[in-house]
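Heads up, the thing below is written out as structure tokens.
For reference, chains read A, B, C and D in written order, and residue numbers begin at 1 within each chain.
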């Protein structure tokens, strides 16, 4: 099994005719994701040319796409000014799970969009996230398909390339994954560590969890408490930003140490205090997981 | 993007918040003239993107215009936490009865704006949060409704007992929330919000951070940007669409992705080195970006080695390798460059690099320990 | 029994120190309503002097009033500019039932306030309504207590004085009431005919219903269909405004015939088509009810 | 409060909606001058608070400035449904490809603003709703979020197939919603929204009704009030805080409460009479209000009898009785007055009235049939 996406995922690509949208739509199709529709206003009725001669119908709006194709998931590649609106459009069309890849979405736009999605019971991943992949089943977003493999580890991370690093070590060590989720580095994200942990908990195939955090906020601390209270699985954690200076935004909008809050040290302590093994270097993640799975 | 106090005050005034008048001086003479204009005692305040101005001697009371000039002369050009002061704000000194704290910021947990207010103002609110958390009243604003009148009342009621003061502060709460939303802020703060012996509520300091993602639709706020105090390299990096932060070490880092960039810095430290910077070249590593990144890193005389750490996911690492080769042809670099490239097309990439004479690695630990070794040896 | 208010009602008067609020607070106390608190910002800690030497504590805000007194119901007499805010404050404080008497509340203010109250599961009666009375138990609002009497008839009306007229005839004919509800004449009201009909349906003591409508909108038509489909009780209806010219607002903001919609004739037809007896004159209301109760 | 077309267009222009230019003329000469200024063909449009201007001859196309003057001369002073035309709007004639309808109003059922749009514009939307309801697309706007972009698109998509036109119309939807909310409107309508042969979307007619309850905080819209076309008595009544509507009959009605006032009018009709007016004196029946009400009723020469119907609930009927007695002392009234007073303190009230020589009743049916009898006899 896996979480959030699998072989039953029927995906709409919002912004399928854009530079990023078209590139990644093809990548996702090549990986085997069931891409059933694309949406670009004004291009309804046209056809998107996928790999291997496969095609995807394009619609003007999400309601049309959902009505025509029975889509249940969407991924958003539209520009920042329109991304929050795209989330709301997807939620309004009855989409269960929206993955917002777009970076640079105004935070107050997302405050409204998250409220809207909550009102309609739609799960949002992101924005400003790399998406997720359930190896061998489906990938939604921009995570590279070639570095993952099916197996027993659930991975959740705030980062993109750092996730690749960790997954790469797992896969080359022969340890596959149920699902790898990049939750994104923005201050207001729709799906947090705890949501992923809860989903992994309900997934019988997930036997161990990797949690990759970074400076800023208290999500890792809360996730650590959740782990202690709710999970019987081994969890390995890593925190990026031990050398980050306070008050400076480290690339991700959410990766900022405010005063004394949100430091890597604080988060690593919280991990250890709640029974999460802490990797000091990325390469140790795979080592600790291997030991945990064997133990 | 952080605003200067005088800019934040302009926004607050526009929202109707009672803010005393003020003028910005760039010379001691101007400071004197403005002080004369206002009459009476004035405060001379360094305008710099840094906390702790007061402790650093950047805020001074002046009894006379001459004294204002003397203070301005001392403050202008002053270095506060690495930033140079180019402007001072001259504002009439106020009689203060009480000092409160009022702030609103975007709260991660509730995914909504959150107010924090405290009757204990004029000091660092983090300090209050630490020593006396009960002195802070918090309120999450539902973005679907905005700040409601009874919520503004409830906040104001945490600051004052007097109905007249509560009414004034209730109004300020609503005005601050509107200013926050209309400016696309991630944080807006009045500290202190004072009461005068005459029973007036006034905002005598102001701090606003704008969500960078909002700036594209707010050119009037983008125009507030003042890079005069910040390291030149950071300005250049922003113009080149790179995320760069100057640090104190000697290992220049160039990484794709913010998380990996932080992890790389941490690993430099782990192996006994010190990173010279945080630099994320982002997802699409065009040759032009690599050129700009190298220019910015090498401009720092402290840098003794340059470390590339690239994980190609969607990005093809051969593209990046070609970029590095092309870039180094056009820039004169006299420190060693070590490169780790892995992921998509890595064999091809390593081939390209080796042919161009670079030391190339596929393991992050190897490349970082090598970089630290080179830096420490230099 | 009765609907919405009874001997368990614990009432807060919002705007208790104003001209209308103080007058009606006394009237309600005299009738026997359990007025437990008053709210006027800035007057918290003072005491309201009721009739017979009784007093009511005044609070600055609803949350304080509810916390201190366990109030479950509120009535609003604040000026129009603040009335929608008062509804939201009451809902936020956990009040179950809010009666908004204030006339002249901006309609778009109420659109937001109604949404807010729905979000919190708070019932709103009004605004711009006379309130309600459960004879012998409690009255909330401005309906005159002396013209009602306990008995088997539930009455719901969009009007104020026209309701008095109808109730007066009932009472003088010896027919008492379970509850008389004035739902108000605004376009956006929180409790509609159907809500009252559903409540009367669940009240075993209500044996017959009087429904007094007027021109404008389609609430009476929908209520008529509801009656046919859901109610076994006899219902007598009256519609005011048979001679009203189209396009003119007849006092109440909601009492306006738009084009051909919302006429008295249309509503009377809908009543008759759904088995509701139509009184041609106010005096006939009591006559028809008497016959219905005897039949 | 209904706005004139030219006022509604000012609001729409302020919101960014593409509205052709226009100027308001009060004389034929002005109309000619404006037509000359615009050049080409113009439309001369009566500015009056009434529908059906076109059918009544209040909208005319003019090929030349001279023709514009002639049309204006005919239209100015014209009576349209009882209202006199005092102003005409001069606006350039547009080439029209298609005509659509776009409106937003407050919907009772959903307790929220509701859009109605139709590709069948330029005609009465009620007519379309009746004959071809499927041609109308409706959308409820959640007031917590406002009109969302995809909703605006969905509405625009009901009007056009061409992506360029859809994009323009989508923008208009958002602008119209903002105009609606910011003006405190209860209805805002563009009919027709046209497309030109050049592919432009434009609003060439505009209708806005403001929620009277919003006017207190919008003095700039209150200033739009134009009472020149309406019966003088209604203006006077509004100034006196009375709700008054002139009708065609001869029984002058004075009632407390809108519902009872309507029911009283209906009963007049039931007994074979015709009400001369709707008049609600409201809850607190001060002597001053009674005086003003009597002045307004008696100013109508058609009135043959004055009928009071007062149900005292909270209002004490003896207060009203005293008011009537006092009022009639100061106004010279030559028609009979019949009065029904019941409710609180009615015995006292009836006593007061009888002592002053009035016919007083306690039954509504009795007093109304008596009033009708007197009117028909007169």
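Keep this in mind: a residue touches a chain if its C-beta (ideal position, glycine included) is under 8 Å from a C-beta of that chain, and two chains touch if they have at least 3 such contacts.
Because the structure is predicted, anything quoted here is derived from the model rather than measured.
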{"item": "Pair of chains joined by more contacts [C-beta pairs], A-D or C-D", "value": "C-D"}
{"item": "Centroid spacing, where centroids are CA-atom means, of subunit C and subunit D in whole angstrom", "value": "27"}
{"item": "Distance from the mean Cα position of subunit C to that of subunit B, given in whole angstrom", "value": "56"}
{"item": "Cα-centroid distance, subunit A relative to subunit C, in whole angstrom", "value": "51"}
{"item": "Shared-contact residues (touching 2 or more other chains) in subunit B", "value": "144-145"}
{"item": "Shared-contact residues (touching 2 or more other chains) in subunit C", "value": "112"}
{"item": "Graph class of chain-chain contacts, one of line, ring, star, complete, other", "value": "other"}
{"item": "Interchain contacts (touch definition) - all pairs", "value": "A-B, A-D, B-C, B-D, C-D"}
{"item": "Subunit B-facing residues of subunit A, complex", "value": "23-24, 27, 80-81, 104-108, 110-112, 114-115, 130, 142-144, 146-147, 157-165, 168, 185, 187-188, 212, 214-215, 217-219, 238, 240-245, 247-248, 250-255, 258-261, 264, 280-283"}
{"item": "Touching residues on subunit A, where the partner in the complex is subunit D", "value": "41-43, 60-63, 82, 85-86, 88-89, 92, 112, 116"}
{"item": "Residue numbers on subunit B that touch subunit A, as the complex places them", "value": "51, 106, 108-109, 111-113, 124, 126, 142-144, 181, 184, 186, 211-214, 216-217, 243, 245, 247, 255-263, 265-270, 275, 278, 280, 283, 311-314, 342-344, 363-365"}
{"item": "Residues of subunit D defined as touching subunit B within the complex", "value": "144-145"}
{"item": "Touch list for subunit B against partner subunit C, complex", "value": "145, 148-151, 153-154, 157, 163, 166-167"}
